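Two complexes come next, and they have one chain in common, chain A, joined by chain B in the first and chain C in the second.
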Partner chain A sequence: MQQRGLRRGLLSILGGLILWEVLTRLLLEDELLIPPPTSVARSLWKLSFAGELNRHLYATLFEFACGFSTACAVGIFLGYLMGRYRWFDELMDPWIATLYSIPVIAFVPLIIIWFGIGLFSKIVVVFKITAVAIMLNTAAGIKNIDPVWLELSRSMRLSPWETTAKIRLPAALPYIITGMRLGVGRALLGVIVAELMAANEGLGYLLREASETWDSPKLFVTVVLLAAMGMGSFGLIKKGEQRLAPWRESAEW
Partner chain B sequence: MKGMLRLASIAGGLVLWHVLAVWVIDDSVLLVSPLVVVAKGYEMLFVTADLYPHLFASWWIFFYGMILAALVGIPVGFLMALSPLVRDYIAPWMTALYTTPRIAFAPVLLLWFGIDIGSKIAIVFLGCVFPILINSFYGMRVVSREFVEVGRSFRLSGGRLFLKILLPASVPFILAGLRLAVGRGLTGVAIAEWFGATEGLGYLIFFAGQTLNMPILFVGVAVFGVLGVLGFQFLQIIEDLATPWKKELEAK
Partner chain C sequence: MAGPVLEIRNLTKEVPTGNQEPFVIFKNISLIVKEGEFVSIVGPSGCGKTTLLRVINGLLSPSSGQIYIDGKEQTGAGKDLVMGFVFQGASLLPWRTSVKNVLLGLEGKKNSGEAEEIARFYLSLVGLSGFEHHYPHQLSGGMQQRVNLARALAVDPRILLMDEPFAALDAQTRTFMQLELLRIWSQTKKTVIFITHMISEAILLSDRVIVFSHRPGRVRSEFAVPLARPRSLDIKSDRRFVELENVVWKQIEEEVRAAREGSPI
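For the complex of A and B:
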């Protein structure tokens, strides 16, 4: 069953690529609208050989990693406080809810004005997006903890510190990782938008450069790389989710 | 008591914002007081009324993109749920399209559909279609597992089974997908209007950002927030109306 699905998936990708190649070669005279996969591959090879790609890829990954890790730390901490203390939850909630409901993109111009066009503004964009998602989910996880476990910790005479470290946080872990999964996609979008808007390196910058110079193969290379990044991060988190919360029916998407 | 702290938080935050803007930062390029933002919003809504063209431009892009996404997403989701063959062939492409940050497709779509409304609708469509599709897929899969037996025992034909049982039972899932799509659609609007637009809320924000016009920038961000909340609430109400049995279940 699983195997057959996998085989069909591979077949579908392979067939699609061949169809794409043949159709573009036959029907289109130049590569402006849709370059065939082989010229995309050639462009990818050329760009990575020149070392240009590494620089942009590294820049984006670095911004993403910095923003994401700080967001995890701050988001879990504040989310924990929101889950534990009602007054803190009520204090934060209106602002968090507002931040969460405004499209990510709308904030980007503001963040660039405040934090400049360099590395820092992109880290802030990633941080803002991810932290809010993790905070909300951590709070939900801490709130929804099974009271039986807390009673158990009391009967074991765990100190409050131990209760947090051994009971509350592990119990909230599946929620936290869901927050991360929700944050990852949006954060990747945010960092690319910020790079498109104002930057001198990164995949977003490459995207803009390629579209402004009408270099379609390069444009598609960037799209493919972004797709790989998206699928990679999503896959990693999904793996983590399956491992930490195996009882949940794992989402395919 | 419960509402009080919330109100206090909002009021306190706004006062803090005002104090920061007026006394600490004191630079209208970096931050303006909420009072200025409210005044600007009032002016754009009721005095000069220059918010409306932007609002309508964005609305139509959003509307068409969303409708198209529903028209494509729901049937494809159903097909994938009912036929493993279709699912297996579509799934890898969908995963690739869904997990790629949407902004990556914007220049490509611009190239294909031109800078007019076509490419903008396509960008919104791409954002909205997957939550709708995925929810329709899961809904139909859950429903078809649960209810097909019932239909069989009543000897319903395939078509009637679909119309009388599967379709109505998957409505809540579809509506939940639409609700998720609202937020992504608004983000899509903002992305779309940033590329070669001359009006619309997204254009307004980026233009204000580039000319360092803080009051307009904040008004634009606020309008996006309000629209997001309104759209979400609206669909929540429709969901409650369309699925009265859910309320009853919760009450029990």
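For the complex of A and C:
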């Protein structure tokens, strides 16, 4: 069933690629506008052969991973406190609203002025984009816990620490994962925007360079890689969800 | 001969309502439960049965009155796990497998090998060998209640508190679970307080049936069940069974009627 679905998907993509190749070769004189897939592939090959691609890909991935894991750690921690303590929730609320309302595009230049064009500013950008969703979802999960489980915990005489580790956090896990899922796509976008604006490496930087030199195959390579990264991180979270929360039969996407 | 396992003296539970009169859930309840006794409590809905179990378990504090377990007065939820609680609704943790659910009360109190052995023993006692690694959603309602029972038994409690454990099951499964409980009880010899709405269930299982009045709940009457053990479904047609069922039913009917006159249910 799943196998057949996969095969059809691949077939469909292959068909699309062939159509693309034929159309560009037939209709367009200039490869500048839309390069055919073979040119894109050639460019990909050249770039990776020069080691250039690896460096940029790695830079972007690293920034993304650092930012995302920081956002998860801080978001879960603060979200837990918000879920547990009303006063903390009220304390955080205006800050979260502010942070949430600032558009990324406006945020990035400021961050670059404050933290420079290196790794740290990218981490801050990813954090800004993802932390709020993780925080709010964690808080919702902690608040919505079934009171029966808390009663069970007291009846089993679990300590407050055990109640957190064995009852509250696992109960909130589906919410936390939803928060992560919401953040992941936008976080990738954030890194790219930041790199587009100011960076000396990363896929966003490559994108800018390619566009400035009118190198459309290279541009396409970057776009394809970004799409692959997006899909990869999505898949990773889905895998993680299946591992961490196997009791949730199927996650609806 | 040692004293009773559980003694309750003049227990009252009220909750403040904002205006003058507090809301009285149950009033002046006194009860003595002997070692190894199986006691059922029946009564109209809302008469405070669940609340009473919560107070006994230390999850709520009484407004007045005392609770003694093995002669020791209980004040709040003590550190020791002397009671096992089977809840009214589904209370298995969905992120834990059967064996992990049963382990909940054992973790940190025993070394992990020993704890796991105990958990597996109780799962097999309730007839769930082979289902150790199933998650609750992979089990039927009856099986889930078996896990609940195993979890409550695994901590080797002095008293087992069961709050309508079979209420959500279909009639067939329920009857089967009643027989299973008879078997498990005869093997573990636990002291049990069992709450139910089903009079025949109370009589089939218990040594003693206690009838509560409508809210505020009080002990209206109590009956020793004059039927020998081991019991099977056959006793349901025993004349004494039927008579007792009728008497208890009449009393509960009166209570429900009285409750309706007092206030809407």
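Structural remarks
In this section, the second predicted complex is superposed on the first by the 230 of 253 C-alpha atoms of A that agree within 3 Å, B and C clash if a C-alpha of one lies under 4 Å from a C-alpha of the other, contacts with A are read in each partner's own complex, and residues count from 1 in each chain.
In this section, a residue touches a chain if its C-beta (ideal position, glycine included) is under 8 Å from a C-beta of that chain, and two chains touch if they have at least 3 such contacts.
All values derive from a computational prediction rather than experimental measurement.
In the superposition on chain A, A:R154 contacts chain C only, with no contact to chain B. When the two complexes are overlaid on their common chain A, residue A:I112 makes contact with chain B while staying clear of chain C.
After overlaying the two complexes on the shared chain, residue contacts for A:P246 are found with chain C alone; chain B is out of touch.
In the overlay built on the shared chain, the residue A:E162 is in contact with chain C alone; chain B does not reach it.
Set side by side, chain B and chain C differ in how many residues of chain A they touch, and the one touching more is B. Of the two partner chains placed by superposition, only chain C is touched by A:P170; chain B is not. In the superposition on chain A, none of the residues of chain A is touched both by chain B in one structure and by chain C in the other.
On chain A, the positions that touch chain B within their shared complex are 4-5, 8-13, 16, 32-33, 87, 90-95, 98, 101-107, 109-110, 112-114, 185, 188-189, 192-193, 196-197, 204, 207-208, 210-211, 216, 219-220, 222-223, 226-227, 229-231, 234, 252-253.
The touching residues of chain B, counted against chain A in their complex, run 2, 5-6, 9-10, 13, 29-30, 84-85, 87-105, 107-108, 110-112, 130, 134, 183, 186-187, 189-191, 194, 202, 205-206, 208-210, 212, 217, 220-221, 224-225, 228-229, 232. On the chain A side of its complex with chain C, the touching residues are 148-149, 151-152, 154-158, 162, 166-167, 170-171, 173, 245-247, 249. Those residues of chain C lying in contact with chain A across their complex are 54, 57-59, 77-81, 83, 85, 87, 89-91, 93-95, 104-105, 107-108, 135-137, 155.
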